[in-house]
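Structures for review follow.
First chain A sits with chain B, and in the next complex the same chain sits with chain C.
Here is the complex of A and B:
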């Protein structure tokens, strides 16, 4: 529907003898900017905005493929079901706990690895390669490999323990040990990513600062806390944001190592979403769970961004 | 009409006819077969069909090595309305769910006027499992049930008869393992991992005590019986009859450990028999198989297994696919699979067929077990029921919760699903 102003616009253009589209041939900077952003914006709408809106809409519906009835509007029913669902609370708690343990864990290990890789070795590639390998390995492969490592009878962990005279545990038979095994695996898998980002940060720190510190008589430890750490802060925050968000979405490693067992004691929220949608085909409830996880990730990102802005 | 034009028309006509006949000559059917059920032997059955129906070409797809993994894959294909699969083999617990989701095509039209009487030729349990509200939603591929496998050589050596009750089994296992002094020898292996098999683990003693989980579509959970059932298995672990890490053991682990000669008694499906008699088996010709023991004072009970052929609602070749499934679910193929893959027949008369009894003599004793095996609850929400039971069994066997706590959790969660 053409509004009055548009009609006038077209008319004026026609009067001056030019067509409305001619301005795209010689665009102003602003028009050019909009035009160039268009493809990306359209693509993002298609693959991110639309699915997210659709997800939120589905979360307000009673939509279960096993019920044999068409979807009906359910209001907040899925969300109130969630509050009474003990497995939702357990999996959410497990997710938070995994995040709280593995993010700082990976940061510490990653920092140590980065510092080691930054030492002035003559041959740098073996160190860098060994840093890259855990990062390049797909998550589910890492999960399957470590599931064998921790297997109570055939695993290498218990075998080594036995050789040094310690009776190993049946890792996946106990909620705590299974949880510990999963956290160790995640830290192993993700600390190299942390190390890579921190290593990049380390290399931007000018040598001259350390030389000046040497002249002033500052020791190694003092140099680390007064120069290295403060200048690394931006790199560390970036690494933390990425790591925290992926930690909240932890799926592959517990899924391949324990399938959430024993019982549901090592299941994460992402696994519970997968179970409700793919196994139980309850798309309404699964979507509501996914909305909660989405909100959780958004909330954490907002906190980090605020931290950066406050410091920046 | 010029000659040129006529020629063109003729050629076009010929091209249309030709392409039509090419289309007729080539119906490609893609069939999903569970990898644990001898896809190599199914391939031979498919070849026999292709030889007689030259216009059909069948490709096999396999994947996953447990029922849940296969279901996860098929669920993904079906929710995506993917037309690439025409036929899929489904665990007996799934046809009802797939029919409710509208993923399979009913067979009523191709079975002729009275579908119910057409289904009568199958064992009754399979006619029932594949019929939902009068619609035949899948056709039986083969039957299955759980059995007790035992080491014939070891029982004979110690002068013990195959056990009739679980208590007798525990006593026999203790006697043999103590006398053998082999640290690798386990008394009993069963499924404690949180997989589909663990649902049967729970139900075997539960059923044996005469209780049902679902009656008339309503939950009829008997908590006291559930506690006893969980306790029976947990006691096996605590008494050393079963190994400590039984919560890590899946169906095929039981099979492998028994096959390696490390297990005295094993609870497993019929597929294990063929593997025990294989060339790499350490227990070839040393294996006996009988019906599962009963709880003291109860009836022996087995879990009904078996797999069914369903035709995808998104297939582009539904008619050809249904025709092919009718062939696959025929007594001839059943007999072929019994002889060559040791898959239990879904037809009562095939059990007593002379060629079958010659190839797999124990099938004669298997028939009464299959006939009396009990079906897991038939409900579209079976996956949720299964998940609740198997994670509880796994948690109790791992010592995460007591049998009492497990039964309470199970009841609370089942009530929410089966209202």
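Here is the complex of A and C:
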């Protein structure tokens, strides 16, 4: 982008008969703008554009550090391998499932939390603080805490179940229960972030709209569906974008809770990428997997952006 | 349509007393304007009537019903808010239809009602727009339309014109008056602008510090203000005030000049002798020097307005303003001789600031 507009600048200046370097002596507003954007653009190129290009390039190579063989061009080999790799399909499916369960889950819980935090409490800070704590907690902490919560013998969950007369399960021995425990943990951890964004949105809705609706005769439920929810849409879409993208990259919580087990039943795509690149040092295949995840994220973002634009 | 009555109405925020016992009877079809300086409790009173604010003491009736404990939707009132409070995501039509839909009125009946109200307000061509696509004046009209379609017992307006520019304000003011003449519903209107109060009201209620200072028709509050506050609040330019003492049937100013007492209080001169008073004279009640009782002062500032001229002049330690014919153009520093019609001066007790009957 930056380079494109710069090229245009050069041509216009040449057309008007000025030497290129005079731009620096007599910076017009546009030139100055480009110059001021330069450092940021350069930095972005360095830390985002370059690594992404490098990643895509590596994904077309045979590059395994354990083989001792120098990198060779492999074409689409990594990708065709992927199509036949059952672990790839399983981890991708797990990732999509986690996204489909935890994003709407966190949205609903977050919405409820935000509505509660927006109630006219006399003292607001304890409510807001308790919203912030799960958000501020590192992901792997949350994973460790909940791994203990769901521990079959010493865990809080089974203890509570036992007290009310239900025999608990050995959560992490069963693929389904382990998956459920992971999803619950992710929802707990991420709904406060949703709540914070939605709370900010709630506070931009003028009080007088609710007063007008009171006078117009609408009850609380009607006000929620006819005023609150439609006016929260922009905030909700933003929250969904952020949440969905981080959900597609889910790593820390299943990694600390189950290491992907039993078997690979709770492993995510991000964990599989980690395993291939860090444990197996197969950079070519790992990169190809990462490209798939990148494409998934971009696709989701594009859909949401279209949603926003349709609204505007 | 309905009458409204306030009995010893009070509002407190903790120890803070905001509305201090208002008694007021508003007749069916009456247009009553609550006016007063900022913070005097106008909005609070209106919001208690609407049910948006709880009542700390006393009683509000709409018609025969005591509404103290009723939620807004059961009071059958409609309100036009200062910021209009239009639903930003709904079209003008949907904004107007909302209250009808909520009340379960069939859409076959909603449509003609909205069409009729829209025609009355000249917003027919705006029905499909969103509030963000409207000008301030148009939004104001939509807010009124939303209130009209309800056909409530009482309309409440809280400073509905304060977000409009001066010209539009005059225009919409006339429209509100016409609207009231057309539909006749009881209206309670809050403003801090005495011109709006004078032009719109059947009766004006002047509030000060949470209490009623005076209630009366525009003529009554203009011609017989009950206190220095009302005298100064109603009328523009504001009433002049000067200190004086009553002696031998005259009001003597500090500088020794005197005016005979107005004939209406002349009979009781004896009671008043020696009493310290505040004299109120409206700028428009000065007359040419030959007529009335002459006063003289030194001209300070002259403001020609085209239709007339304002002369600010010193009388003793006070500065007075006179509104005179446009031909009269004295120069600053000149000695001015100007007449006062003794029957049009107002006398207030210096201590209580209440009018002396």
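Brief remarks on what is shown
What we mean here is this: the second predicted complex is superposed on the first by the 287 of 312 C-alpha atoms of A that agree within 3 Å, B and C clash if a C-alpha of one lies under 4 Å from a C-alpha of the other, contacts with A are read in each partner's own complex, and residues count from 1 in each chain.
Everything that follows uses one rule, which is that contacts are C-beta pairs under 8 Å (C-beta built on N, C-alpha and C of every residue); 3 or more make two chains touch, one makes a residue touch a chain.
Predicted model, so just to flag it, every value in this text is computed and none were measured.
Partners chain B and chain C, brought together by superposition on chain A, fit side by side with no clash.
Of the two partner chains placed by superposition, only chain C is touched by A:230; chain B is not. If you stand at the C-alpha centre of chain A, chain B and chain C are 150 degrees apart, rounded to the nearest 10. In the superposition on chain A, no contact is made by A:297 with either chain B or chain C.
For chain A, the partner touching the most residues, choosing from chain B and chain C, is B. Once the two complexes are laid over each other on the shared chain, residue contacts for A:215 go to chain C alone; chain B is not touched.
By the touch criterion defined above, A:140 reaches neither chain B nor chain C. Figure legend note: chain B and chain C, brought together by superposition on chain A, show a least Cα distance of 52 Å. In the superposition on chain A, no residue of chain A contacts both chain B and chain C. Interface of chain C with chain A (complex): residues 50-52, 71-73, 77-79, 81, 83, 85-89, 98-99, 102-103, 146, 150. Contact residues on chain A toward chain B in their complex (touch as defined above): 65-68, 151-153, 170, 172-175, 259-265, 275, 278-281.
Interface residues of chain A facing chain C in the complex, by the touch rule stated above, are 206, 208-209, 211-219, 222, 226-227, 230-231.
By the touch rule above, chain B contacts chain A in their complex via residues 68, 71-72, 75-76, 79, 97, 100-102, 193-194, 244-245, 247-248, 380-381, 383-384, 387, 391-392, 394-395, 397-401.
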